[in-house]
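Attaching a single structure in structure tokens format; questions to follow.
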Amino acid sequence: MSYGTATSACRAVFVRDFGLVWRRRGDALNPVLFAIMVVALFPFALGPEPKALQQISAGAVLVALLLAGLLSLDALFRSDLEDGSLEQLVLSPHPLALLLACKIAVHWLTTALPLLLVAPLLGEMLYLPRPVLGTLMAALALSTPLLSLIGAVCVALTVGMRRSGMLLALLVLPLYVPVLIFAAGACNAAQQGLPTLAPLLWLGAALALALVLAPLACAAALRISLN
Amino acid sequence: MNPLLLWFHKLGSPPYFYRLAGRLLPWLWALALAGLALGLYGGLFVAPRDYQQGDAFRIIFVHVPCAWMSLFVYFFMAANGFIALVWRIKLSETLAMAAAPIGAAFTFICLATGSIWGKPMWGTWWTWDARLTSELVLLFLYLGVIGLYHAIEDRRQAARAAAFLALIGIVNLPIVHFSVNWWNTLHQGSTVKLFGPSLIDARMLWPLLTMAVATKFLFAASLLSRARVDLLELESGKDWVRQIALAEEPRA
Amino acid sequence: MSEFLSMGGYGGYVWSAFAIFIVVLALDALAPLLKRRRVLRELRGRLRRTQKRNEENT
Amino acid sequence: MNSPIDSEAPALLQARGLAYLRNDEPIFGPLSFQLYGGDVVLMEGDNGSGKTTLLKVLSGLLEPSSGEILLNGEPLTLARLSHQVALLGHLLGIKAELSPLQNLRFAIGIGGLRAGITPHHALKSVGLEGYEDVPLRQLSAGQKKRVALARLLLVPAALWLLDEPYANLDREGIGLVNRLLELHALRGGAALITSHGAYAYTSGTPRRIALRNTDMAAA
Amino acid sequence: MSYGTATSACRAVFVRDFGLVWRRRGDALNPVLFAIMVVALFPFALGPEPKALQQISAGAVLVALLLAGLLSLDALFRSDLEDGSLEQLVLSPHPLALLLACKIAVHWLTTALPLLLVAPLLGEMLYLPRPVLGTLMAALALSTPLLSLIGAVCVALTVGMRRSGMLLALLVLPLYVPVLIFAAGACNAAQQGLPTLAPLLWLGAALALALVLAPLACAAALRISLN
Amino acid sequence: MNSPIDSEAPALLQARGLAYLRNDEPIFGPLSFQLYGGDVVLMEGDNGSGKTTLLKVLSGLLEPSSGEILLNGEPLTLARLSHQVALLGHLLGIKAELSPLQNLRFAIGIGGLRAGITPHHALKSVGLEGYEDVPLRQLSAGQKKRVALARLLLVPAALWLLDEPYANLDREGIGLVNRLLELHALRGGAALITSHGAYAYTSGTPRRIALRNTDMAAA
């Protein structure tokens, strides 16, 4: 009779959540398709001149990825709530924050990482200058986990609700703004040939903080909204 | 029990708070209205025309007090939210949630009067400078708190979830306040200092400070009357509310 | 007087700012009064119904 | 199976004046009762009388509005509680996309494993031998319920809170639940089960708690 | 014993749906707030220079309104499905297409019309040139009903599904692209001082067509997805 | 209340070899039966045996995989059907935000009104006098069900398809359903009702149809 170790609990969460994503691997492409489509809207809306597009390319890619991430957030806890797994998770003898951190990690790996991988393609679609691409990727690598962590806290707050989609966006977007500012700041600096380290360092610091605090906040929020 | 604690405990009881607030309210409204009248009089008639901005600077007497209130009310809301989350005091939940719409109103006024003021001064209604932007984010945070509170069926759970959100959003307050120092922006820096000499004419300063105090009273009055009604709604199953409802039966 | 109202050419700006201030805060003050009426009306309705049902049951 | 009035060993579960309000409307009134090792208690009540809510409060998922819960004589905190309580709710907490075995492995991972039993054994004893690797969505409602019952066998928990365990089960399944309950009681565990009364725990006469249906429309 | 007239059935739908919106009038603001926030993302992503923002202003406003409309679409039939009202609607003796047209009309009036009303504000936030505003408003007035109608057909197709949010976006966006092209075309023409009538006329023609066909398609789609 | 074997008047509802498949799995097998005016037929079956599905097929919401449905001797088309059939499903089709009166007005608007009855009357006869203007969310589950029953009284329909009309109702409510069914039968209407068997239509012995539970896991 043993309760198992926290490590084995985390492994169980990883194995199951990856298994679930694997079973519905078609769905995993949705955010990528969505981002591609949003990016594709810009040439239609702004006209096809490469110069004009190039100017907005980094920003547009950022906004598209952010919106795609936002829409996929909703699914983070939904299926677990609907089939009662979430309750079992809360009742586990292992720290809830740790288990949630694993869930968030899987979510990031399966939704944000693919987005990160297509980011160069998206940039190419909008004639993103090559030298900026590196900075954009660095900014994305730091900011997407940050967005997932912040988003997870807000999702946890709205988890029991019926029509949460729009409300979630309202809660999340103000918190995303600072992240976006720093990420875009780095890209703009790169575009003008200025040093990009400072905004990236800020993002890194925020990420380190969020890695520690967000799972705890997420667990607390979840307890509140299951209550 | 410690008398102070005892009083807190008593204050936390809804019927007691309801009655106490009812007794305080007329005084608060009177002070608020008198302060507003005095401040507006001072601002519109006494304060001299600004040598740079002309009469347009008079917007300061509504813009700045409301800007301060937008930050103050948020802090008040988050502090009550914290108490509500940690000690589960119902009154704090009520106060935090009653403060949110008032704060949103002040924030809205700050934004609106700021952009009205910006048109003649900066030549534009709106720029994406750090202070303006962070104030806009503050408005969205208020709206998010209100939205979350109304989206959840159970009132107490709703209040706790919204209070949690308010606490997360508190990181925005220092950004609003210090943005003028951290980034160089179009918006001007602090001119009124609590400590040390202020940089503006005394005839401009006293109406401004009067308005600042008056809006505090206004907030207190509005907060208490909102909290009273919210308590009536929350406790509508209780006897004391029933008595109030029956006592105010409109005679038909 | 009209000079005062024109505010040195900035009248439109100044007065609309003050108007927004007053109108928004007036609405804010009005909201709890309206809500109070609604809450009490609904409560009285509920009380009447339970009373009626209790009378029927007994 | 009636509770021994043995004042020396503390009760496995003790509820004192437990009540739960939603929006200040009472869902269930102040309730006091005790469960000792070996007890199986049946809770009856109409729809909406608060049975599910009570189980959630006892499991620690919901916080009681008043009253307290003692587990082995110690007040309930979320951390302690979860080691002792297994909850089987209306929602089974299993994934339709995964197989019974995958679901049980996950349950063990986050909940721990009793000594001397394996997932294969547990599946066999709920009559699901041969279904180990079939995705759950291809199983019937009753078979899904059996997977959830297998979880109870595997995860160490002295107190079982079962919300309508008989629902969705055919006659044989009902017998299975009763056998599991007996086994659990013999081992010294306790169980609180709810039911609409259509079926019931048949071995011996279980103690009963009745929840009154507080009329939600009244207030 | 009478089945009533089709007019009275339509009136019943209008009265009920407006009543429902009125009961949850706070929610009605959500699309507007969302659009404002998406528009606010652009200055963060692209930098605050009025010149750069002005160039993309019409396009960004279009994209923001389109996304806001997209997110609010999801709610069109959801609550009716969840409480069984949709079945009652289908079983009504009156033409389903007509009843659905009324529902779509209410949806447009309560979600798209507020968006239309804040469009000038959104334009102002991105320094949209005044002369373009008129064209933008005309394009929006023609394209938002069109988007609502097209969207309704897609929602009807996905109505029974669990995680429809992202899927809906994928179904709808390709259909929105042509509308967006014409609307953006009109705005771009206005920005360059060219005549804007042609793209607006195309939009008008498409709207006229959609007004007739979309409710019928919507009814057919609904029957399929309830089946 | 047994169906008169009267070959002259066509049956109100006639099902011939009706079957429904989902993913090629039979949900209910070929089924043939007739309902005449004045019939009240009770359909019994375990969970998942296809009762709800059958009612939806009969109402025209689902298309049968094989077999045909005749209404008054004429084959069912969606347009004709809807004039004659009222469906009360698991989901009641009422809005929690609106009052009973608003809900009934909407139902009349889209469904028509029987002669000689008003929404107020209907609410009174289901025992909801005084609740005309309360938002439904403040009513209990049983009271909500009564609002849906009031709709049946108002809307003209010769055939009632009622899915578990007794669920959520207390003893008095069950009596009410039975009274409504009797009234409907006396007027010449027919009704097909489903039940888990816990409660049942008590007046006379209704005809019964039993659905076998096709095992979903088999394939």
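We just call them A, B, C, D, E and F in the order they show up, numbering each chain from 1.
Simple rule for what comes next: a residue touches a chain if its C-beta (ideal position, glycine included) is under 8 Å from a C-beta of that chain, and two chains touch if they have at least 3 such contacts.
Chain labels with UniProt names: A, E = Heme exporter protein B; B = Heme exporter protein C; C = Heme exporter protein D; D, F = Heme exporter protein A.
On a predicted model such as this, the values are computed, not experimentally measured, just so you know.
When the CA atoms of chain D (Heme exporter protein A) are superposed on chain F (Heme exporter protein A), the rotation angle comes to 180 degrees, reported as a multiple of 5.
Chain pairs A-D and C-F differ in how many C-beta pairs they share in contact, with the greater number at A-D. With each centre defined as the average position of its C-alpha atoms, the distance from chain B (Heme exporter protein C) to chain D (Heme exporter protein A) rounds to 48 Å. With centres set at the average Cα position, the gap from chain E (Heme exporter protein B) to chain F (Heme exporter protein A) is 37 Å. Chain B (Heme exporter protein C) has its Cα centroid 34 Å from the Cα centroid of chain A (Heme exporter protein B).
Taking each chain's centre as the average of its CA atoms, chain A (Heme exporter protein B) and chain E (Heme exporter protein B) sit 27 Å apart.
Looking at chain D (Heme exporter protein A), residues 219 sit in touch with two or more other chains. Chain contacts: chain B (Heme exporter protein C) has residues 133, 140, 143, 147, 236 touching two or more partner chains. The multi-chain contact residues of chain A (Heme exporter protein B), meaning those touching 2 or more other chains, are 79, 82, 163, 167, 170, 173-174, 177, 227.
Interface residues of chain B (Heme exporter protein C) facing chain C (Heme exporter protein D) in the complex, by the touch rule stated above, are 40, 49, 54-56, 58-59, 62-63, 66, 101-102, 105, 108-109, 112-113, 116-117, 119-120, 218, 221-222, 225-226, 228-229, 232-233, 236, 241-242, 244-246, 248-249.
Of all residues in chain A (Heme exporter protein B), those touching chain B (Heme exporter protein C) in their complex are 153-154, 157-158, 160-161, 163-164, 167, 170-171, 173-175, 177-178, 217, 220-221, 224-225, 227. Chain contact summary for the complex, chain A (Heme exporter protein B) toward chain D (Heme exporter protein A): residues 1-4, 8-9, 11-13, 15-16, 19-20, 23-24, 79, 82-85, 87-94, 99, 223, 226-227. The touching residues of chain B (Heme exporter protein C), counted against chain D (Heme exporter protein A) in their complex, run 153-156, 234-238.
Touching chain A (Heme exporter protein B) in their complex are the following residues of chain D (Heme exporter protein A): 59-63, 78-79, 81-83, 85-87, 89-98, 102, 105-115, 135, 156.
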